[in-house]
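Heads up, the next two complexes both have chain A, just with different partners, chain B and then chain C.
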Partner chain A sequence: MTAVPTGPTLASLSRAELSARLAHGLVFRTGQFTVRLQCAIGSVTEGLHRLYGAHPLLDDDAFVDFHLRMKRPATLRRWYRPKVDLLYDGQAIFKPLPLAQAFPLFEWGLNWCVANRAHTYLMIHAAVLERGGRAVILPAPPGSGKSTLCAALAHRGWRLLSDELTLIRLDDGHVVPVPRPISLKNASIGVMRAFLDQPVFSDEVADTAKGTIAHLLAPADAVARGAESARPAWVIFPKYRAGSPSLLEPMPKAQAHLELAQNAFNYSLLMEQGFDTLGLVIGMSGCYRYTYSVLDEAIAVFDGLAAQP
Partner chain B sequence: MWRLMPGLVLRSQTWDGEEYVLYNNLAGDTHLLDAAAMEVLTLLQVEAMDTARLTAVLGLEGQGDAMAYLTDLLQQLQRFSLAEEIPA
Partner chain C sequence: MTARALPLAVLAFRDPSRLVHFSLAEWELLLRQSAAANLQARLYALLEERGELAAIPSLALRHLRWTDTIARRHWRGVHWEVEQIRRALSGLGQPLILLKGAAYTMAGLALARGRLYSDVDILVGEDQLDQVESALMLHGWVATHLDDYDQRYYRQWMHELPPMVHIKRESAIDVHHAILPRTAPVHPDPAQLRAAAVAVPGHPGLQVLSPPDMVLHSTTHLFFDGELDHGLRDLVDIHYLLREFGHQPGFWEALAVRARTLQLERPLFYALRYCSRLLATPLPPEADALRNAGRPAPLLLAVMDRLFERALLPVHASCSDAWTGVARFCVYVRGNWLRMPPLLLVRHLFQKAFLSPKDVPEDPPGAEAEQARP
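And now, the complex of A and B:
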């Protein structure tokens, strides 16, 4: 366990101060990573102001893992159906997107940075949360209800480690947090607006490649404990199915190993080390498939697991 | 005669002794195998064997269609590039 870092957070900046810092480069921390973002786009400033208040603010000369810059093109497209570019180390990593999608573009860009650069970890496309020092890993393809379930658990007693990127330390198999806003899309946005008491969202952005997107504020405690890793205890493959009863079914560990590998970004790159690390995770975890349709029932099942010794 | 694919290292994990995951260091693939397949690979790691000897070592002599199933298994392992048939 690591001490909770103290020091200023983005919440110490007024919106005007945040905008000024962003104009020449704002440096902040998310979990293990430090980010420098240069950007003069109002919707990004607003998104950070709303959703990144608990993230540690760093000095301008701090070591930075990811240098990001968002800019509007110096062409007619600055005004005509305006676009925005995201640059990583000065190079565009995606094709330009409509200006209205600037904040989701920043979030996707940060995901890209971690997924393409953090190879000192085994990276799995999965949500991950912690309770009592034990982590539950939720790997699943889009449309499985993973992010909705993750958002609900993160606001009902489980600590959010990540909604998208499960980072596994290679030496001991423990999960390292990257606590950031939770990405929700389409019907999930309305579900969480109804489920949570006064949730804080980014503005909804329609017509993205993923449909309508909104980001939900990560609980401040999860962000503050961004240096605190957790031991895997459960690997659960969730599946939302309308009208389904809540059904938790054990699955063979070898099968879970294979399916978890299929959800890893860099399993092949890490070769034997990836295989062994995944084996560590599976060895420490109870493995299940979980089908649900009602969030309260799902939370009761997960709380039941957490209550077991 | 059958032998383990040259250069293959049997790096595997099991948690119940029934199902195994095996990392194929030659291809970078991970395979899900049952205990019989793993036993065959482990035997072939020690030495190349023909089907008759494998049948004997595994205690399958006179066990119905066991030899036919063993042949199917060996051919499947060859398709996965985990074992290969060589001239006797």
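And now, the complex of A and C:
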């Protein structure tokens, strides 16, 4: 295990300093990746100020994996329908979005960078958390309550590795963290505001492709331990169903393998390596389906798993 | 142009022995330039061939491995796709002639390692176009570019059918009946290209162009085309083809004869010139005859040097100067000028600028929408 990094973090910058650094390019680390973001948009500065305080701040001349720049297209429409572009080393990767969506766009752009580039990992669209060195992988389609469950567990004794991108090392099947803010949608935002004590959120952004979005601060300890990998121990497909009792059902491993593969970004790209790595993960993991409606019951079930030898 | 002023992505292929001496900062810039030029996977292959993967900074090597993963998948995908096309067209009773990337891969050429593909290109007789199109449609490929103008553009003026895409695999195929548009001023005889095509050892039913024709097609593609987004990648392709075939006895003489017969001396001249000037491609004394065959007038050549030595560089901010935008625009107009007579060109550019729907990047996202496709 790598030691916890002790260098400066973004929290060492005042909001004004952060804004100045962003104007010419702010370099920071998230897990295994370094990012340079150039951006002079207030909502992005504010989002980073609130949610990236624990992320390691790097020198301007550090090696950068992903060069991102956000800017407002210089068209007449900037005056009556302001938009924002995200450029990956000079090339637009998405259509421009309304300016109000700038911070979520940054988050999506960083997801895009990892999911489209980091092919030395098997990448699964899943939340992943760790406790006692063992990781639980929560793959699920949008709307299954995965991020809500992840946010709750991350504040009740589990270490957040990622809420969207489960990165699995190809040689040993271990999970490598990308600790970042947790993306919550629509009703989940209110649920977590009520569930957590004084949660820190980014401003809510309405009318995005996913509805209303807000990002929740990742616990500082999880960000600081961004270099500590974990061995998979459970693969659990969660499903929120209103009024449902808490129900943990074992799942055949072959079935879990197939469904996990369907949630992978680069399973077919990795060919045999993807199959073998997924096999390694499934081999090391207990596989379950989990239906729930009450977060406290869910936490009890996960704590029960963590207590097993 | 002095070697000192060349971008790192050019230097890397011009003098690969320098790669292991680049600093971490130089590597970061080289990775960015080579990604913009679609040459990152080729760079990995180059280092692998030289046994130098372990000698470069691990942070840079990680990026190259990421891209190499994609290249390996593409390599496998092309084999699969070519086999599907061969089966779909087996009823025609003709060998399947592959062009460009798919040809390099199936023929096992060195430059195929580390090449990324967007489509498979094939060459068929013009009299077989209808049969080929129907056979492909029966096997799941569907036409794209369905608007009336594009249909007319391809079918009446171009040298290929509108690109087709497989409805399930989303793989693209370009069906060519010639290597230049009908509207271009020269018409390299496709029947001669097909007649000289050679079998691919180990792949019955497949053919690729003969070595001189393969070089000429690659040079024609690069120096008749207006869009040089992958200009350096295409030039590096030619660099590798010349190095691979240049050792075969009689290759350079055959290339000279073939360039004259097919009226392609001018693009070949440019290819050899910029391969030599940018990439220091070794040209033996036998190639001397070619150096002058298609040479333009001195003034024109001076202009072309200034245009191409900008437009052939990676599309990246670090490779641009104040004139790069102008140079790319001139090359775009020139490419279209060469492909169409003036009035038709004016009409085409007007249509593309003001009437046709624009190409736009994908909708944003959510990570779940970003499934990486091979």
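Heads up, the rule we're going with is that the second predicted complex is superposed on the first by the 309 of 309 C-alpha atoms of A that agree within 3 Å, B and C clash if a C-alpha of one lies under 4 Å from a C-alpha of the other, contacts with A are read in each partner's own complex, and residues count from 1 in each chain.
By definition in this document, contacts are C-beta pairs under 8 Å (C-beta built on N, C-alpha and C of every residue); 3 or more make two chains touch, one makes a residue touch a chain.
None of these values were measured; they are calculated from a predicted model.
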| message | On the A-aligned overlay, A:K210 touches which partner chain: chain B = first, chain C = second, or both, or neither? | response | second
| field | Touching partner for A:W108 - first (chain B), second (chain C), both, neither | value | second
| said: Comparing chain B against chain C, which has contacts with more of the residues in chain A? | reply: C
| Where does A:K253 make contact in the superposed view: on chain B (first), on chain C (second), on both, or on neither? | first
| message | Per the contact definition in the header, classify A:M271: touching chain B only (first), chain C only (second), both, or neither. | response | both
| said: Contacts for A:D89 in the overlay, against chain B (first) and chain C (second): which applies, first, second, both or neither? | reply: second
| request: Would you sort A:H119 into first (chain B), second (chain C), both or neither based on which partner it touches? | output: second
| field | chain B versus chain C as contact partner of A:A261, first or second or both or neither | value | first
| message | Quick one: is A:G279 in contact with chain B, with chain C, with both, or with neither? Answer first, second, both or neither. | response | first
| In the superposed view, which residues of chain A touch chain B and also chain C? | 268, 271
| Which chain A residues qualify as touching chain B in the complex? | 252-255, 257-258, 261, 267-268, 271-272, 275-276, 279, 282-283
| query | Can you list the chain B residues touching chain A in their complex? | reply | 11, 13-16, 18-21, 23, 25, 28, 30, 32
| query | Inside the complex, what are the residues of chain A that reach chain C? | reply | 61, 63-65, 67, 89-95, 97, 105, 108-109, 111-112, 115-120, 125, 141-142, 164-165, 209-210, 265-266, 268-271
| remark: In their shared complex, chain A is touched by residues of chain C numbered 24-25, 27-28, 32, 35-36, 57, 59-60, 62-63, 65-67, 69-70, 72-73, 76, 315-317, 360-368, 370-372, 374
